Structure formats: C-alpha cells, structure tokens
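Next up: some structures, all given as structure tokens.
Next come two complexes, and both contain chain A; in the first it sits with chain B, in the second with chain C.
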Partner chain A sequence: MAVKAILYIMERDLRYFFRYKWWLAGMVSMNLADLFIMAVVYTRMVDPKIGNYFLFFSPGITITALFAAAFMIGREINREIRREISHYMLSLPIKRWELAFGRVLAGAVRGIIYMIPLLLTTLAVTALLAGNVPSALEILTIILALFLISIGTSGLSITIAVSTTSFEKYVTTRGVVYYVLFFCSTVFYPLKFIESVMPQAFALIAKYNPLSCGADLARSFLLRNQSIELFMPLDLMVFALIFASAALFAYMKIMQK
Partner chain B sequence: MPKPIIRIVNLTKKFGNLTAVDHLNLEIEEGEILGLLGPNGAGKTTTLLMLTTVLRPTEGTAFVGPYDVTQEPDKARTLVGMAFQDPKVLWVSTPWDILNWHAKVCGIPSNEREKRLRWVLEEVGLWNERRKSVHTFSGGMRKRIEVAKILVQRPKIAIIDEPTTQIDIVGKHRIWNMIRSLRDEGSTILLATNELYEADVLSDRVAIIHRGKLLVCDNPKKLKDSIPGGDVIEVVLGKDVSKKCLEEVERMNRVVDVLSTKPNHLKIYLNKAEEVLPQITEFFLKMRIPIKSVQMSEPTLDDVFAHYTGLTIEEAEKR
Partner chain C sequence: MISLRNVWVVAERDLRTFLNYKHVLIMRALWFLAQIALFGLVVNKMLRPDVQEAVGGSYFSFYAAGIIISLLYSTSVFIGYDIYEEADHGVIEYLLSLPVSRKELVLGRSIGGGLRSFLYVSPMLMVVLYLIWSSNPQSFVSPLQLFIAFLALFLFTFGVSGFSITLAVSIKSSDKFDIFLGMINALIVRLSTTLYPLVYMPSYYAGIAQFNPLTFAADLFRWGAGLESAVLTAPAIAIFGIISFFSLFTFLGIFLHERVLEGGSWQ
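Entry: the complex of A and B
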C-alpha cells in the first residue's frame, strides 16, 4: 500500500507539471538558446587556458535547468499552504511520510524530465566538438548522479516551503539558496579559477557543493577532463539523504500547525 | 445505547491569545448525523480540522474510533474523510480528475470507482461538466465537487463542513438526501453548519457551540421543547421600548422570558400564546407604543441558541 500511496501522490504532481507543457517547452528552448549564445559569445571571450568554455558550460546549464525544475515543487507546496489546499492533502487517509516522500520524489522526477532535452543536447555537443561519446553505463551514472541532486533539491525546496509562511519569505530564502549554491560552485567556472580569485572559504564550499560534484562528475564522463573522486558520489548521496529527510521532517512535524 | 465512535475530550485549540476551541467535550454515536451548530467563528471548522489531524490540539484530545488523534494520527485518518468549507480544488483540474484521484487515494478499486463517480457526478449535477477545467466554475459548482469527494469516498466517519453554503435550493435538498443515504449505508456523519434549518432537518442530534464551548447537545425536538415557554411571539414596535416596559411584559402571567433583539423588536417566550396575546397588545396600546407587526411561532434552534447566550445566531455573528 505504501508504494501505491506514494505513486498516487507523484501522479498528482506530475500531471500538474505536464499541464504546463507549452510553458515548459518554452523554458527548455530558452535554456537551449542561452547555451548557444554562450557558445558564440563566451568561447571567444574566456581565457583559452580554461579550454573550450562552451564545452565546459554545457553540463553546467544542464544542472541549472535540473535545479530550477526540481525546485518548482516547493513553490507549489508553499502556495498550497497559503491557500490551505494543504489541509486537504493532510487529511487524506495515507501516512504522512508517504505523502512527504511522494512529493520529494515527484519533485525529483520533474527535475529529471525537464533536464533530459538539455542532457541530450550536451551529449550531442560534446560528441561533435570534442569527439567524446560516453558509454551507456556512463550515461546511466550521470543520470543517477543528477537524480540524487534532484532529490536533494526537491527536498530542500520543500523544506523551505514548509518552514516559511509567507510567499515573500519563501522567495527571499530561495534567492539566497540559489545565490550561494551557484556562486560558490563549479557550475559556471572551474575550481582552479575560484581558488585563484576568491577567498579560501568560498573555494572550500565550491569543492563540496553538490552542484559542483554533479557538474564535475558529468564533465569527467563527457569531456574526460578530470577523474572522479570518491567524495563526489558520497557528497551527492549525503545531499539527497539530508534534504529528503528534512522534507519528511517538515511534513511530519511542522506542517500540522 | 449505541457506543460513541468519536470521543472529544477537553479539546482545546489556541491561536496566540485567541482560544478558538475551549475544552470541548462531546461524543458522537455510531451511525448518527450530528450537527455542529454555531455562529461564524464559533470554532466549528477548527474542531473538525483537529479530528482530521490537520491541526494539532493545544490541549485535550479526541478519539476517532479507537485511535487517539494526537498519538496515532495516521491510523485515525484511515477512518475519516472530510469535505471542507472552502473547496480545495486546484484550478487546473477537472471534476472527473479531482474525484478519480481522490477515490484512488482512498483505496477504492477501479471497477467500483467508475460507477461511483458517475452516480455522484450525476447526483450533484456535474456530469456534463465533468471534463471541464474547474477554473471556469462558479463557487457553488466548486462546493459541489468538494461534497462529491466524500460521497465517492464513503468513509466510516464523514466530516462535512457547511455542505450547502453557496448551493441553490434544489441542490441543497439533493445534497441533504445524499448525506442521509450515506448515513443509512452505515457512515457516521459530523456536520458543521450555521444554518438553523439545515441543522434541524438533517441532524439526529444537534450540538450548539459558541466561542469554542459546547452549550447543549440533544436531538432538535428535545432542544426546542426544553426552552421554557412552548410558544414564541415576535413583536415589532413603532418606537423603542424602555427597560421598564420590558420588565412589565416579563411580569405578565405565563410569560417566561423576553428577549429584545433590537430596541423595537421583542421576542416573548411564553405558554398559551393565544390567551396572552390580547393582553400584550392592550399593554402596548396603553403605553402608546404602536405595534407594527406580531407573529406567533414555535421555537426554533435559534431560540435555543438565544436561550443559552441571550443572542440570536445572527447577532452573535456580528459581534
């Protein structure tokens, strides 16, 4: 029964997601447009020592898209709380953890679905420009890593959504989280660059930032520019575990006022 | 004596300084329709939300079946279903999707689901609109979907918060009939309302609450019979009446109680109204207070409420 309950909760969130299919298609196209603008502009501006910036950035933008899509669930849950639709969800004859877990997973799956077109583009770009084609197993590993990021992100957004009462507070917190996670990360620039221009603390955050780990893990397979270190997958697992648990806790302890 | 299926024990909910539900004690018997009657802000919705484990009691608890809502909320919820006062629908859905999903989550098997959905949607008059997005729906239509949820679910304990507000009179009667048949099929029904008529015609017993406290609970007939003076005369006067006048009316033979709902509007509770009425009209004539209208009636639940609070429900809502 637990599996069924979780699947029903996911079904609701996924259907809701697909009601916006045209909007989503528009967003994906915009992300792709960003990517190609980067290709034309930045590749000529950026220090060639970094290598082809377009190739470097492409996995990064995949992560950006994944993060944004997985984060959407929090906004919806925050709105449900404000409109007291959450009362309905809380009154359903399913266990609280099932409800919470279903929503975390739904958020994560949405992230993956949204990210797929960007990942495919990245694969095509790296195949064409760098001549690298990862094996099926490697692609699977990338998707698994991205799924862990997606779970962590979904959990994080739900935790914020449940703990902040007003929409303003939610948006502010979301802004701060976005800023810290992307600024101190290797999504847009390599760690070496961060170490050379930013304080040591920032570099440390950037190194262990799960978004960095995800981006670098993908790059290592796509560009073969670096090797995977053990801490990377561990970091992703810890991130997913912590924030999935936080979301469960928020649902079970904070949501019921 | 049927055994209680819900036992509310000292149930209390505070929002900051405001005590919305104040040490409430109440038992709901298996298989009955219990109407929770009270003015706006009496604490009806707050009580119901604690029973469905949406809100956490500040003090006290309630037992739903054998389960304490504060100790085993997951189990308590398996017995209850709730139709909310404000419809909880996402505007991107259709009635069919909303009800079908609800039925699935409540564990109704797919072959049964279709049948029930069709029946309920036809009964609440939304069958032709079942595939339309609810964002085009009127308030009454959304409310119908909300009530339909519980009719599809048929929970052991159905908790229904003001089922017919915003719904037209034909719709009201249909919904009342469906609530009755839900009870006849074995569900226990706890229904919150601030409509006297609804509470009166639908409930096996009525619990009247005011400011989070229980005033009385009994069957509607007994409640009405319990107010002293079996008759009510309502008098509307052309002038405001003084306190002295009121006291004189109160002293009349067979008059039990006088309630001045407005300065020129009296409700007189008495026995043998037909005999006292001439005396009353004579009195006002003598005092040179013109009488605009006189009405004799049987006591209603409003009079029961007034007897306990000194206010009619309408007045209580204004305060």
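Entry: the complex of A and C
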C-alpha cells in the first residue's frame, strides 16, 4: 500500500513537471548559457596551464541542471502552502509520511529526468574534446551519484519551502543557497585554487561539499583526470539522508498546522 | 498633466515597502558577498597574466565592479515581484482607486523601484570602490567622472524598474514572470561585460553584448571608478545607451500600465 501511494504522489508531481514547459525552457537556457557562453568566454581567459576550462566545467553543468530541477519541487510546495492546496492533499487517503516521502522522491526523479539530456551533452563534449567515452557501468555510477545529490537537493528545497510562506523569501533564499553551495565547491573551479585563496575552513567545506563530490566523481569518469576517493560516495549518501529526513519532518509538521 | 507630488508619493510608498523585506535584503547582501569573496577571488587566481593586464591590472576589481551592476539590476527588477504580490492580495485595485493617474502611478513606481535599489546597493557600491581603490592606489579618479557614472547608474535603475514593470503587467502570471526573468537574467548577465570584457568573447557574443544595457552600466561604472582599461566601452556610447534604455522602458511601462493593469486576469 505504501509503495502504491508513494508512486501515486510521484506520478502526480511528474505530470506537473512536464506541464511547466516554460519552466523547463527557462532552466535549459540558463544551464546552456552557463556552458556555452560563460564557460566558452572563461576558456579564453583562463591560464592554459590549468587545462581546458570548458572541458573542466562541462561535467559541472549536470550538477547545476540537477540542482535547479530538483529545487523546483520546493517552489511548488511553497505555492501549495500559500494557496492552501495542502488542505486538499491532506484530504487524500494517503498517510502523511507517504505523502512527504513521495514528494521528496518525486523532486529527485524530476532532477534526474531533467539532467539526462545535459549529461548526454557533457558526454558528447568530453568524447569530442577529450576522446573519453565512459563504460555503461561508469555512466550508471555517475547517474546513481547524481541521484543521491538530487534526493538531498529535493529535501533541501522542501525544507526551505515549508519554512516560509513568502514567495520572495523562498526565491531569494534559493539564490543564496545556490551561490554559497556552488561557489564553495569544485563545480566551477579546481580545489587547489580554492585552497590557495580561501581560508582552510572554506577549503574543507568545498572539499566535502556534496556538489564537489558529485562533480569530481563525474569528472573522474568523464575526463579521467582524478581518482575517486572513498569519502565521495559516503558524503553523497549522508547529504541525501540528512536532507530527505529534514524534508520529511518539516513537511509533515507544516501539513499538520 | 503629471503631478510631481503624486509621483513622489507613489515612489515613497515603494521605498517604504522595500524596507519590509529585511530578509530579502540581508540575503541579497550575502549573495553579493558570496560572489565577490568566493567566485571573484578564486577565478582571479586562474586567469592569464595578460588578461589581468588587459582589464586594468586586476580581474578581481573588474569583476567586483561588474557584480555590483548585476546586483543593481537584480534589485531593480524586484519591483515586478512586488506587483504580483499586490495582485495576489488585491492591492492593485486599491492603487487604481487612488486619486493618482496611471501615468503618475507607473512613473512613481519606476522611480521608487530604481531609487530603492540604488539606496540599497550604495553601501556595497562603496565597498567595491574601496576594493578597487585600495588594490590600485595610483588610479586617478575624477569626482566629475564618478558623479556622471553615478547619475547614469541612477537612470539605469529606473530603466530596469520600468523594464520589470513592463514585463510584469504584460505577462500577468507570477510563474511565467519568474521563469522569463530567470531566462533573461541568465542571458543578460552572461552576454554583458559584467563578468568579462568584450575582447575575450567570441565575435557572435560580443556583437550582442555591446548593445546590452548591463555592458553600458558596468563599463561606465568602471570608468567612473578610475579602472583604466582599453577594453571598456567608450563612456559617451555607454551614456547614450543607458539614456535610450531608460527612455524606452519608462515609456513602455507607462504605455502598458495604462492599458493592461485594469481588468484582473492575474495568475
């Protein structure tokens, strides 16, 4: 029964996801602008000793895409609370934890579905420019790692969404979370530069930031420029577990208000 | 006939409303800090020495001056979200019932939106000027240059507010507005000189970026702050660009506001 109920909730959220054609178009344009405008220009400015910046950044695009798509569920939940649609959700013959769990998972699945075309873009870029084609098992490992990030991000967005009824506060907090998590990670630049500029504490945060782990894990398979360390998958699991639990707790609590 | 007093009353209301968003204001300041202290410093380390030379000696200063313009832009477009919040709570109808003409209303909102973002960004603007001047104490700064740059930025914020109002009243759907603005933000910031100079952009991007109002504002601010660099847009062209942008969107805002605001259909 629980699985069926969760699947119903996930199906509902997935149907909603594909209704937002404009949203998807907007997000695709943002992600592609990062890769095909920003990364292209920085490639012309970055010291060649560092390597090809476009190639370095391209696996990062999967993380930015995943993050944006998985964060969308929070936006919807925030709107449901403001418009009191949550009362309708409570009237459904579904337990509250099933509802909460279904929504966290739906957010994560949406992130993965949206990210796949961008992962394919990255695969094409790395195959063309670096000549690396990962095996099927390696691609599956990348998708699994990204799914864990997606669960954590979905949980994080739901936790923020239920903490405020103001849309502006949600949008602005989303922006800050985005900048802090991304800029203090290896999505945009290698760790050695963060270590050379930032205090030790920031460098540590950047190293163990789940977005860094996801990006570096993807790079290790796509660019073969670094080895995978044991803490990376562990870090991703902990991130997913903490924020999925926080979202379950916060969502169930707000629904009972 | 437009009454300046009415315009000011509307602008003053928007200034007061802005102060209610303490959370948003604090978050935006953090947003700015993250961009400067994280992205700016790290990327500065990664660039070629000749790039540092070309942008006036320090990419960090170049970047900080650009980021403040993108912050000015993002706080000025905020007026559009205000309009949706008002539509959501039925305040639009209240505003329409006031003894203020539609022209005065939109002009006041455009000025209020621009002024509040300028006032909000001012302390951070000072921080950026301090960073620029402290990194290069030899840079000569003419007070007149700085004054002209500030005046142009003022017009820029009014123009952006007019642009946001134009979009908000044309789209009338908060979701679509947020998405559309996100799309525009992604392109308008990346296809401008806020992050990098025109000379390093491929020609197909530079062709668009040279007409971008953010390019005009960013390069004019750098010029005003004394960042000597051959890669900046000529100040006269930048001033002309900003005045054109301001005039176009203030006019469009007034035109559309008068015709579209009434009649509901807000989503």
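Everything below uses one rule, namely that the second predicted complex is superposed on the first by the 243 of 257 C-alpha atoms of A that agree within 3 Å, B and C clash if a C-alpha of one lies under 4 Å from a C-alpha of the other, contacts with A are read in each partner's own complex, and residues count from 1 in each chain.
Definition applied: contacts are C-beta pairs under 8 Å (C-beta built on N, C-alpha and C of every residue); 3 or more make two chains touch, one makes a residue touch a chain.
If you're wondering where the values come from, they're calculated on a predicted model, not measured in any experiment.
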Which superposed partner A:Ala25 touches (first chain B, second chain C, both, neither): second
Broader residue contact with chain A after superposition on the shared chain, chain B or chain C: C
Chain B versus chain C as contact partner of A:Ile37, first or second or both or neither: second
Partner chain in contact with A:Phe183 - chain B first, chain C second, else both or neither: second
Touched partner set for A:Ser227, first chain B, second chain C, both or neither: neither
Touched partner set for A:Gln200, first chain B, second chain C, both or neither: neither
Partner chain(s) touched by A:Glu11 [first = chain B, second = chain C, both, neither]: first
Contact footprint of chain B on chain A as seen in their complex: 1, 5, 8-9, 11-12, 15-16, 19, 84-85, 87-88, 90-96, 256-257
For the chain A and chain C complex, residues of the former touching the latter: 20, 22-23, 25-27, 29-30, 33-34, 37-38, 40-42, 44-48, 50, 53, 166-169, 171-173, 175-176, 179-180, 183-184, 188-189, 193-194, 196-198, 202
Chain B to chain A touching residues, read off their complex: 49, 52-56, 73-74, 77-82, 84, 86, 88, 90, 92, 97, 101, 104-107, 155
Contact set on chain C toward chain A in their complex: 21, 23-24, 27-28, 30-31, 34-35, 38-39, 41-48, 51, 59, 78, 81, 84-85, 174-176, 178-180, 182-183, 185-187, 190-191, 195-196, 200-202, 205
